[in-house]
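Think of it as A, B and C in the order they're written, each chain with its own count starting at 1.
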Amino acid sequence: MLIVVPIDLFASGVTTRTFTEMFVQMVLVVGLYLFVGNSGVISFGHVGFMCIGAYATAWLTVPPMMKQFTIKGLPEILAQAQLPFLPSVLLAGLLAAAVAVPVGLVLMRLSGIAASIATFAFLAIVNNVYSNWDAWTAGTSSIVGIPTETNIWTSWLFASAAILVAYAYSVSRFGLALRSARDEPVAAAAAGIDMVFQRTIAFVGSAFLCGVAGALYAHFLGVVNPDAFFLSVTFTALAMLILGGMSSLSGAVTGVVFVTLLISLFRTLERGVSVGDASFSLPAGSQEIAIGIAMILVLIRRPAGLIGNREFKWTRSPAKAERRHKPAI
Amino acid sequence: MSLLEVAGLTAGYGRTTVLRGIELAVDEGETLFIAGPNGAGKSTLLKTIAGVVRPTAGAIRLAGQEIASLAPEVIARLGFSLVPEGRDCFAGLTVEENLKLAGGLRPSASDAAAELTVVYDLFPVLRERRSIPAGLLSGGQQQMLVIGRALMTGSRLVAIDEPSLGLAPNIVDQVYESLALLREKEGLSLLIVEQSTVRASMMGGRLVLLRNGEIALSGDAVALSQGTALRDAYFGYEGAA
Amino acid sequence: MAGLLQPLFDAISLGSIYALGALGIALIFGVMRLINFAHGHYIAFCVFALLIPSTEVVTGMLLGALPSWLIVLSVLGVGALLSIASEVVVFRRLRNANPAVLMIASFALGIVIQNVLLVSYSSRPKSVSLWPELSLPVEFFGASIPLLQVLTVLVTVVLLLGLVFFLKRTRFGLEMRAAAENFTMARMLGVRANRIILLAFGISGALAGAIALVLVSQTGTADIRMGLPIMLIAFVATVIGGMGSLQGAVFAGFLLGAISVTLQLLLPLDIRPFRDAFLYLAVIACLIWRPEGLFRAGPSSERV
């Protein structure tokens, strides 16, 4: 994580923005990992919490003068509010977590693909409501005037904190209980683990992180708009998680870094590169084509993800692991 | 030459090795029982022969041809038919569709139609219920269906994983009676996984005992069931050979 | 009576599109547990195959210049070929990967297809006038229904009947149903896995082509994002119907079409924009009520 220092000191504005965005993505993907990695349920819905967080911080921090024009229907207390960055971001996360409690209690009774679809339905509902709730969200038009306080330092701090939270959760008895229910549902139930309850805890925790990520993203861009928190972000976040290795925290972090580097590499190529006398650039859209192909190639080569569901610190050489696991059956 | 020969077979899942150096052979018309405690690797052995689990080492020859690592559908076409544990009939397909599906391995449609009559004569209850979904059959009827399905493939070697699993004793008797009948009338070679060594000694044939992925004992089923060697090997007492 | 006929036709024709989409997704899911997120992009690709590649707003017809019957055949063929190509190039190499990885791969493939379209046609929607005479209304029990809606329903019914015949009466159909239920067991009975999967991809792609034709003649535009909303609803329909159950997928497709039109009709004007939220609430309720889907693949399923 020391890379932040040289970037801040020497790098160009573009690189700083790239890395700031990467750390915000990291908060989101680590949040997603907290639920998906530990429960084994693929969620399409977490970007919905990101959306909730982003709008919450907009309600709390946009200067009251500007709110009068864009979002006229806010209640007096919100319309007058102008909180500083940190409390607003945390409150945004708390609102997302609060929404996650009833949603989780209902959805977590489902398993497998039915649960995934239900989370997608949640995302679609959030998107539909925020796109049409004109009085509070200005509909599909953007809310502007959010103080741009997410910089490389704050985003790095939040990313580190998110990693710590996710790590603390996964080694806690809650994380252990949920992972055991993921791997051996029957045995875990027999051991008295209430899977619905455990999943709901993870769901709420990860919703908090995703809400924070949404707020950070709002403070990064300065504007919010419901379609910024819909399918493409959902897929990018899932792709990062799964490319890295969805059952490990290290995988989540690696996936974010890998995809960010990939994207910025092709963005640079698309802008044009000069090699010696010749300079070439790729047509618009080719960036995405190359990223898509690169993702497919990685998946074909490493179907378990780049990290292969291990954690950095516990990595053993395969030969050693083989010897330790003397065949038992 | 044996119909099926397995030599030095090692296989497993991921990093876990389940089978180590298995050697066995089934002759034309012979019945071989594979017995052993839970987790010994009995089902894995059958699945490896069928091509569902990939062997990591060793050879499997069917009628002299090397089949290790071939695709399951290729192995099926070479004449090996597996009836897996838990019967695995296609619950949504009708009884007759289940049988016809397997008949696709026969060289001609008329050949398959003729075999269908043979199967229906052997298990009249299947003819009676031929147009209902297989999932609505009772456990015993499903067992008959999957045995009939194996017959439809025209394989000379039929492997059956735990035919008695979850069935009432009198139904198990019926299943074994039909297997014995098939052995006599059709000259089929059978490879039967069975936890109960009593069944093996009742039906007769050779028996190998699998324990911890290795063959612990082998010999004639009737002879083995009389001494204590089998019991000792089954439970892994010291000194068992 | 006449007043209800129009919404009824709206519901059936919308449901037809959803049903065809859900069927395309369920076919692939059945044989290889892949939720193919590229399916919506197949639809868009088929639409653009009608046009000559150009980034200008107006462009000439490519396949669209052919006689009508050849347009239909060639668009279905383009869909089938694209779908088969994605199996051969991408999915075949991921045979042993888990469903999440397959899904992300299909999503990446979708990005590639969408941006290939973007590079060759630009992101601006283009107007396409394919069979404009079809939007003329016809008298139907006193209500005037656009000919196109009647045709959409007819095409869907014909395709569904054809598929039922294929699945129930042909050898390939039998093998495909068996493979959808238990792929490994089907292989152990000699069913040639790769051939069945290719066939499933081919049919699924041709269904995407059919949707493309219906959509483009309904809307008169070609947009690189046009397949996505249908794919999402179709995906939901597949799950509500019971993953792997083809009749369930079709039924749920029509059900979602009906719910959608009913909500549009019955919701008060000021909450009508929230129609989709109610639709997805109904989806969640449905999943809680029947997590396995309305039709479980297996013994309890009925004949189509």
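Keep this in mind: a residue touches a chain if its C-beta (ideal position, glycine included) is under 8 Å from a C-beta of that chain, and two chains touch if they have at least 3 such contacts.
It should be emphasised that the depicted structure is a prediction, and the values quoted were computed from it without experimental measurement.
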Central chain (by mean CA position): C
Of all chains present, which has the mean Cα position farthest from that of chain A? B
Out of every possible chain pairing, which has the most C-beta contacts? A-C
Cα centroid separation, chain A vs chain B, in Å, comes to 50
Distance between the CA centroids of chain B and chain C (whole Å) is 42
Taking each chain's centre as its mean C-alpha position, how far apart are chain A and chain C in Å? 30
Where in chain A do residues touch two or more other chains at once? none
Taking the complex as given, what residues does chain B use to touch chain C? 50-52, 71-73, 75-77, 81-82, 84, 88, 90-93, 97, 100-102, 104-105, 133-136, 149, 153
For chain C, which residues count as touching chain B in their complex? 171, 174-175, 177-178, 181-182, 184-193, 297-301
Complex interface listing, chain C residues touching chain A: 35, 37, 90, 93-94, 96-101, 103-105, 107-112, 114-116, 118-119, 228, 232, 235-236, 239-240, 243, 273-277, 280-281, 283-284, 287-288, 291-293
So in the complex, the part of chain A that touches chain C is made up of which residues? 42, 106-107, 109-111, 113-114, 117-118, 120-122, 124-125, 128-129, 131-132, 231, 235, 238-239, 242-243, 246, 283-289, 291-293, 295-296, 299-300, 303-305
